[in-house]
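Next come two complexes built around chain A: one with chain B, the other with chain C.
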Partner chain A sequence: MMIFTIAIQEFKSHFKTPLAWVLFAVLQIILSYLYLTQVETFDLMQANLVGIDGAPGLTDIVVTPLFSNAAIILLLVTPLLTMRVISEERRNKTLPLLLAAPLSDTDIILGKYLGTLALLWLIVILIALMPLSLLIGGDLDMGKYLANVLAITLLVGAFTSTGLFMSTLVDHPTVAAIGTFGILLILWLFNISKTMSDQPNELLEYLSLLNHFQNIQTGLLSTNDILYFILFVAFFIVSSIYCLANYRSQK
Partner chain B sequence: MSTLIEVEHLSRYFGKLIAVDNINFTVKKGEVLGFLGINGAGKTTTMQMLSGCLAPSLGSIKINGVDILREPLLAKRSIGYLPDTPPLYKDLSVREFLFYCGQLHAIPKSDINLALDKVLIRCGLTSVTNRLIAHLSKGFQQRIGIAQAIIHNPDVIILDEPTVGLDPLQIIEIRELIRELRQDHAVILSTHILTEVHETCTHLQIINQGKLIAKERVDSITQSMNESSLIIKTVFPIDAEPILSIEGVCNLEVLSNNRFKINFKPTQDPTQEISKTIIIKGWGLIEMSPSNQNIEALFIGLTKANNQ
Partner chain C sequence: MTLITRINLRIRMKNSFTTMISIMLIITIGWLSNNYILQIDITTSASNTLSLDSQKALNALPDPILITAYIEKGQSIRSQISQLVNLYKEKKSNLTLSFIDPQLNPEVAQAIDTNSEGIILIEYQNRIEKLDYIDENSLTKSFLKLANIDSQSVNIQPKTNSGLTLDLSDTQISLMNFVNLLILPLLFLITGFIIWHKRKAA
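Up next is the complex of A and B:
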């Protein structure tokens, strides 16, 4: 129960600062612009596509690129939301409030994680609502649409866990943000080796966030990709808990 | 009376620095233990360990009979802790913040509002209940800090310098609050204000360079030291000879013009004899009072002796 108490407080606290509101507004403006451009592209291409057998449909041309763009933008935004989570509590010396309360380190970390994740999932919901407007005049491949939503839901889960870990690790929110961004970008770019060299490194490819994200986006759900995200989140959550426990026994 | 805090062989190292070195003490219900020491003596480190925020390097802490290292969650239920900087979420209102603290300390949902109203009255926060903490003065923030430490009515209250930053009136209020809390709790407070110990504590403990160098009852110190010296002021200068010849008098210090301090053995109180002598000699007695610099003298004497 304590986890949810902390999570609710954390979720609310994001709205006490203008940051969350501004991010919401900026994200909506950028993504709706990109979305409309995509719709227009489809409009132009539509005539050419009619004759081709097995041509990409509305979902492929509008929905998938929208979620891909959203993923890149969230990669930039998540570190800003997660940077304060623990590091600011340490800087403001408010952490003893949680440490002295009858809570385990796991409660604190999971509460903070879920609270921040709830905020990001709210952003995901807002993004996911956009393509539904296409239902007014067209048909969506709902399977593919839901696969895209699942992909981005898992992806922000991974982003948030990384951000939380960095925030637990360092005292300065800015350093936490840059660190998170660095880790995420590297993991994102591991995929590049596939296109650049003739002999792609299999380990790097497996580690790449983009790879698994794109796999799920195609609608081909494999346990391999889902497991990757679960392990990813678990790794950073456990590291965060370990890190917080270490804070108590600082040398 | 039941023992609420039991500390045994507690030590804490930061690298090579020994912050707290093998200290032992107990606090019973109804006691207020004043923790005295110069800056950097190890007061805050000890308090952090007692509250479970910092793991000890060695030793054990039992809160209400529960080992805080073995069963931290159970032990922490009986602790209220105010760190040296009050841990406040400044973008919340006083009510929101204290409500959250109540939830964190696992007060049942139906009782939180009741506990909240009680603590608001106790800490004098009723006039600012709905204001943002960030907009309040330091004195109010300090009181909110105390409020979050006592909202769940813990058996053990740990206050790290509770009166820092308060004005004299507020200090008196907080002292009264601590005296009131004493009745059914055990309180530990750290301070470097000596009169505070005198005013609020039942016991006093001096820590220096991580070591406990004294543990005394405050009333016994007050008594023994009051009895053993007198401050005397006269109109005319006095001769030391006749005073020193009185039985029991150890020595005579000149404090300023016509002000003297007479030290004597506590067992033989020569006050009557001294006043008689001064009057007979016609030196004009103006003031005669037991010296009340007791704790200060003890503190300075002990820390200095220890540092040498």
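Up next is the complex of A and C:
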């Protein structure tokens, strides 16, 4: 129960600063611009598509690129939202107060994680609503659309857990943000071995965030892709709890 | 050693132990999940499901199949090919796909007479089929040829995707632009400004 109290507190705290609102506005402008450009492209090329066998549909041309772009932009934005979660409490010397409360380390980490994740899921809802306006004049492959929504939902979960871990590890929010961005970018780029090498490294391919994200985007849901994200989150949550417990025992 | 230091040490050891066990568990589940995979295609057009003809063709080839694609590195067609072949791999575990860059292996490329676009070789029981264009139809036909089954009657149509037309009037598009690019961002910015102003006043 205490987890949710912390989560709600954390979620509300994001809206007490203008940062979240400015991010919402910037994301909305960038993503809707990219989305509307894709809609326009589809509008221009649709006459050519009708005659082609197996031609890509509205979902392939508009929805999938929208979610791919959103993933890259969220990779840049998430570190900004997660950098303060624990490190700022440490800098402001309020963390000992939180630790003195009758809460376990797991409560604190999970509460902070869920609070920040709720904010990112709000952004995901904002993105997911955009393509639904196309239903007025066209058909969407709803299965593929839902797969895309699932892919980005799991992806932001992974981003947030990495950000939370870095924020628990270091004192400075900026260092936490850069660290998170670094880890995420490396994990994202592991996928390069897939096209750049004749014998792709299986381990690197498995560790690549982009690889699993793209697999889910195709609409072919696979247990190993979904479990990858769950295990990814579990790994960083466990590591964060370990860091916080270490911090507590040092005090 | 004071009592508190001893207690702290014990807590830290317990923490390290629990974390190690959890991480080992995560790695084990990760390894298992990569070896035992369940898949479900949720697309409306069933674009990730093999047709019955392709499945029958695979059943007719019990021995290992080796697919080698001679395609330059960094080409996006490589991932499209692996995506397609993965659908077959799902039904047949002894099917292997490998890539060779013809630019880096000119002698191999010359020996198999590859064109600039690249070529795909399918090897089964020392017999080889060549393909210069790969999709489900052509790949399944090659499998049927290798299984000595008449492939003429088979014609797998590409899956028809939903939503090939978009019928939006200019007014509707303008409204979408207006709401997405102006109204929503403005709303967020105004709220942010109000909060900033309130904090400043406080």
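Here, the second predicted complex is superposed on the first by the 250 of 251 C-alpha atoms of A that agree within 3 Å, B and C clash if a C-alpha of one lies under 4 Å from a C-alpha of the other, contacts with A are read in each partner's own complex, and residues count from 1 in each chain.
Note that a residue touches a chain if its C-beta (ideal position, glycine included) is under 8 Å from a C-beta of that chain, and two chains touch if they have at least 3 such contacts.
Given the structure is predicted, the values throughout are model-derived calculations rather than measurements.
In the superposition on chain A, A:37 makes contact with neither chain B nor chain C. Applying the stated contact rule after C-alpha superposition, one finds that A:16 touches each of chain B and chain C. Of the two partners, chain B and chain C, it is C that touches more residues of chain A. When the two structures are aligned on the shared chain, A:147 is found in touch with chain C, with no touch to chain B. When the shared chain is aligned, chain B and chain C each come close enough to touch A:249.
Residue contacts after overlaying the shared chain place A:99 against chain B, while chain C stays out of touching range. Contact with chain B, but none with chain C, is seen for A:5 once the two complexes are overlaid on the shared chain.
16-17, 249-250 are the residues of chain A that lie in the contact sets of both chain B and chain C, per the superposition on chain A. Those residues of chain C that touch chain A in the shared complex are 8, 11-12, 15-16, 19, 22-23, 26, 29-30, 33-34, 36-45, 47-48, 73-76, 78-79, 82-83, 98-101, 135, 157-169, 172-173, 176-177, 180-181, 184-186, 188-189, 191-193, 195-196, 199. Interface of chain A with chain B (complex): residues 2, 5-6, 9, 13, 16-17, 92-104, 248-251. Residues of chain B touching chain A in their complex: 13-15, 48, 51-55, 72-74, 76-77, 79, 81, 83, 85, 87-92, 100-101, 103-106, 148. Interface residues of chain A, counted against chain C in their complex, comprise 15-18, 20-22, 24-26, 28-29, 32-33, 35-36, 39-40, 42-43, 46, 49-50, 53-60, 130, 133-134, 136-144, 146-147, 194-199, 206, 218-224, 227-228, 231, 234-235, 238-239, 241-242, 245-246, 249-250.
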